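You will see two complexes here that share chain A, one where it goes with chain B and one where it goes with chain C.
Right after this comes the complex of A and B.
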């Protein structure tokens, strides 16, 4: 292997690693706030990529229908609850949020898709179609059992993962998609060819990480999420409801997932079920950080990206095996150096 | 005058074991009411149920509204606030951020008067201002209690519920804390005070209830309670009967 190849692999590894890092951060966030191990994170990556791919072909993406379907399901659950609690005044808001807005977005997508709008608009449309699925999934699958044990929540995650993969097949079909790169630019830096797309991925990831940091440090909702992660009882006592914190963290996770999908779509062919492996690599990064530390999770995810790049160079057929096997010593090391995250007392 | 808080037939159970049985109590606007009783009597359970942190049966009418089915968040935004026995601070966040979060429901309502309350809390507890960039987890016991009180005040409570504010604190700090509690009444805050330190509680309160094994056994104006032989014997010790 010569320097040129080594540098190329580093570029490749860091590009993928940046996306794994984003996913790892989302997983740490969701776990800290809700104790949910968010296996369906990867599905949001696939949904983001496939929605954008659909829009680029001028087709109405299946996500628009899916959003309406899931919206109807949430509306039913919310209406039942409102009637049970005798809160009829909530009904208009429920209908607006979970039926009228999804219908409006469906119509918007229907109208806009065939006109092939500019890439930025396509990306925005993708986000407004995919991201609301995050809090809706929380409302349907997790909120009713929010106080269950980590294991029960994990089982729910597995179920949601399979459900979302299945729905992905129904709404996007079995063919894979690859979108054109955001930029065809190439720069020569010494022996290294830097592609515009990898700069896009790394730049966007970095920008997103900085934005998240600012959100957590300087906004009241960011602080509320941190507070919930630190002390759930204390957070309730100051009026931060676990349901709100849960929905907000799932919204962020869905946003991060969808953006990752948009970034990864021009690099890899994405199928309805590709999200799982991508998410799993983010998960490995998050595990390196004990599902607790954001910086270690991000570093771990970058490492996974690099490992993967080198593994695919030497033994392409075994790259997943190599990546996931090399993680075992890390897990053993972690299990000796950290104590377990305790189930919450009380 | 109608009561700010009127509790009737309140029962709270942990599984099958009832920890509070058919409690009734009443608190008028601007008053300090205390609930005293031995360890394990159910005082903490009572406050947790009033805050909505535990499921309960009975009726809780607050500011003319039945709040039994309200979530804690809804009670907070109506001015009900609990400083719990365990303080429940955000240890890994700064003192300042803890205070900010105290006002969470007011930020949601875009309340413009929050800054003034920061000044007020820092005036009451200058120590918190000195340590505002420090993590809450690094504070001493007394400072933690100040922060818990300060965080509660940031929510601008109408009814402040305090669960053993003197617990584990040095006598000098206990005196400071009780001075602040007495001062709060002047600003129109009503207070429900739970204490094992019955002497201090009855001194500052207008009215008191004695809770034993989940039931209210005696109630009355604080002065009457302080001279009630049963209360003196169980909670005030012999010293005060001699002094009284």
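Right after this comes the complex of A and C.
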């Protein structure tokens, strides 16, 4: 291996690592706020990538229909609850939020898709179609079980992952897609060719991390989420609703997932089920940080990216084996450094 | 004959006749249900009963399948030997994985199993001598007593014989001393530890047990198809096994068969139906499985088995009066020095909860440790029972230092405790809850339990539990569920459980808290009775009235320090105590 290849692999590793870092942050966020180990994170990556790919071909993406379907399901659940509690005045809001808005978005996508709008508009459209699925999934699958043990929530996560992967197959089909890069620019820096795409990915990831930081430090909602993460009961006592915190953290996770998908789509071909592995690599990073520390999780995710780049150079067939086996030394290290006494659950 | 036995008999008869009578397709389905039941059974133990989860069981199935496939095709080894080889390999790997993940909080094990399930799948797919994605074929058939199992119909007998043996041994295991401890893992680890149960070891044991069952199923699978490739051992298969365990539920070992049966048949049906409905091919049953599981966990977390079991009331466990008594330890003579605290100090960061506390108690007395809220009483309790480590100082029990020991290691010295917030296993019977207290008085392990070779010991343990229940006056409630008792009775149950450990010293943490007047009187009466039988009791309490009438001596704490020590009437007039309790009177 010469310097040129080594540098190229570093660039490649950091580009993927930046995406894993975003996912790792979302996973830590969701776990801290809701105790949900968010396995379906990867599905949002795939949905984001495939929705954008659909729009670029001028086709109506399946997500628009899916959003309407999931919206109908949420509407049914919410209406049943409202009627049971005798809160008929909530009905118009429920119909507006979960039926009228999805119908409006479906119509918008229907109208806009064939006109192949500019990339920025396509990205925006992708986000408004995919991100609302996050809080809706929380409402349907997790909210009724918000007080269950981490283990039950994890099994729910895996079930949601199963369902969303299957739905991905229905709405996007079995073929993979790859979108054209945001930028074809190449810069020569010594022996290294820097691609515009990797700068885009790293820049966007960094910008998103800074935005998250500002959100958590300077907005009331960010502070509410932090409060919930530190002390769920205490936050509730001062008026932070756990359901709100749950939906908000799922919205952020869906946003990060969809954006990661948009960023990764030009780098690799994404299939309906590719998200799982991408998301799990974020997980390996998050586990390095013990599912608690944001900076260590991000660093761990960059490490996963680098390891993956070098593994695919040295032993490409064993790439996944190497990346996922990384978790074993990490767990050994954690098991000797944490003195955790299992709290009683259930 | 009970209804359960009748149904079991019908099931066995059906299984004997089915391979002869059913069409090929249904026999195949039955074979798969048997294979999946064996894996799911391990998960019922691990997840449903033990509260741990693994998504990587398919990888252990693969391990059993690939070990036999490789060794029989490449070296012509007998399948019976490769079964042992597969089990040995699985044992080693699961021991290692269990060791590194079971010490961490609960969710690391499932996450670890997802990661390692994926990496093993890619390993199977890429290793050349395992045939890569194409796999290995032409495995030999299995011979049983000279009969070659060369058809699915013949193989069915082997699968279901092994599945029934696995079910039976699991059923035996759960109905034993180790089984009670395993059932305490979910939600009762701390309690179990304080009666000497090594929960970390038990968790490793049930993880290995589940892995070995998976490996056995893999061996059967390989020789049934006589071909292996990586697909059936993917992470999705691992997830489906877990779904089967959740659908069946942990209320009974038969949940494994019910869960495996329902999901296998449902999958078969959906794989026919959905592609026709949607007009394209794919694993659309995933959607249904996912939604079904979410609904099940939201509506019926215990799975389907509890609905089935309603028709099969569990037989009452009758303790045999004739059972031999367990040997008892030699009790110290009355008045011998029992517990000694010397300059005990506990600091949580900057907060000193207990400061230079010293006191001693003698055998045969009831010592009350009292003080206002926040005085540090419960901290002292936790220091003596080994739940918290000391910052400095010494705790001696009958002359031996116990402050360096863990909660579990202190139990054999003869200390037994109750909890301020009762720790019971609410769905287990009162009798079995109490029998956990006698854990260290038995010694038979998991293997003799699975084979039910420990019936004599088990009878002694249950008889002891029954005896202690009679002693505290809960005899009539022996067969009720512990969760159905009133709080006062639950507290008494905890005392019976502690007595079951044959203790030298009984440690009671606020036993009167939350009790009604009548319940308090019954409790006081019981404690007086125990004292008259020579039991020593350390009582942490803040109900003055309750304590004053009961104890021999009192130690009063305030702000982590000892304020006074003496007879109840001395304490009642002690000005410092009055000030602490009532505020200064000026």
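Worth pointing out:
FYI, the second predicted complex is superposed on the first by the 338 of 346 C-alpha atoms of A that agree within 3 Å, B and C clash if a C-alpha of one lies under 4 Å from a C-alpha of the other, contacts with A are read in each partner's own complex, and residues count from 1 in each chain.
As a working rule, a residue touches a chain if its C-beta (ideal position, glycine included) is under 8 Å from a C-beta of that chain, and two chains touch if they have at least 3 such contacts.
It should be emphasised that the depicted structure is a prediction, and the values quoted were computed from it without experimental measurement.
Considered on the superposed chain A, chain B and chain C are sterically compatible, since they fit side by side.
In the superposition on chain A, contact is made by A:85 with chain B only, not with chain C.
Look at A:152: by the touch rule set out above, it reaches chain C but stays clear of chain B. Contact with chain C, but none with chain B, is seen for A:144 once the two complexes are overlaid on the shared chain. Rounded to the nearest 10, the superposed model shows the Cα centres of chain B and chain C diverging by 60 degrees about the centre of chain A. Touched residues of chain A, counted separately for chain B and chain C, are more numerous for C. In the superposed pair of complexes, A:214 makes contact with neither chain B nor chain C. Measuring only between alpha carbons, the smallest separation of chain B from chain C in this overlay is 5 Å. Residues 51, 53, 69, 71-73, 76-77, 81-82, 84, 86, 88-93, 97, 100-102, 104-105, 107-108, 151, 155 of chain B touch chain A in their complex.
By the touch rule above, chain A contacts chain B in their complex via residues 85, 220, 223-224, 226-227, 230-231, 233-241, 244. Taken together, the chain C residues at the contact with chain A in this complex read 47, 51-53, 55, 100-101, 103-108, 110-112, 114-116, 118-119, 122-123, 126, 186-190, 236, 239, 242-243, 246, 278, 280, 282-291, 293-294, 297-298, 301. Of all residues in chain A, those touching chain C in their complex are 37, 39, 140-141, 144-145, 148-152, 154-156, 158-167, 169-170, 173-174, 277, 280, 283-284, 287, 291, 317-318, 320-325, 327-328, 331-332, 334-335, 338, 340, 342, 344-346.
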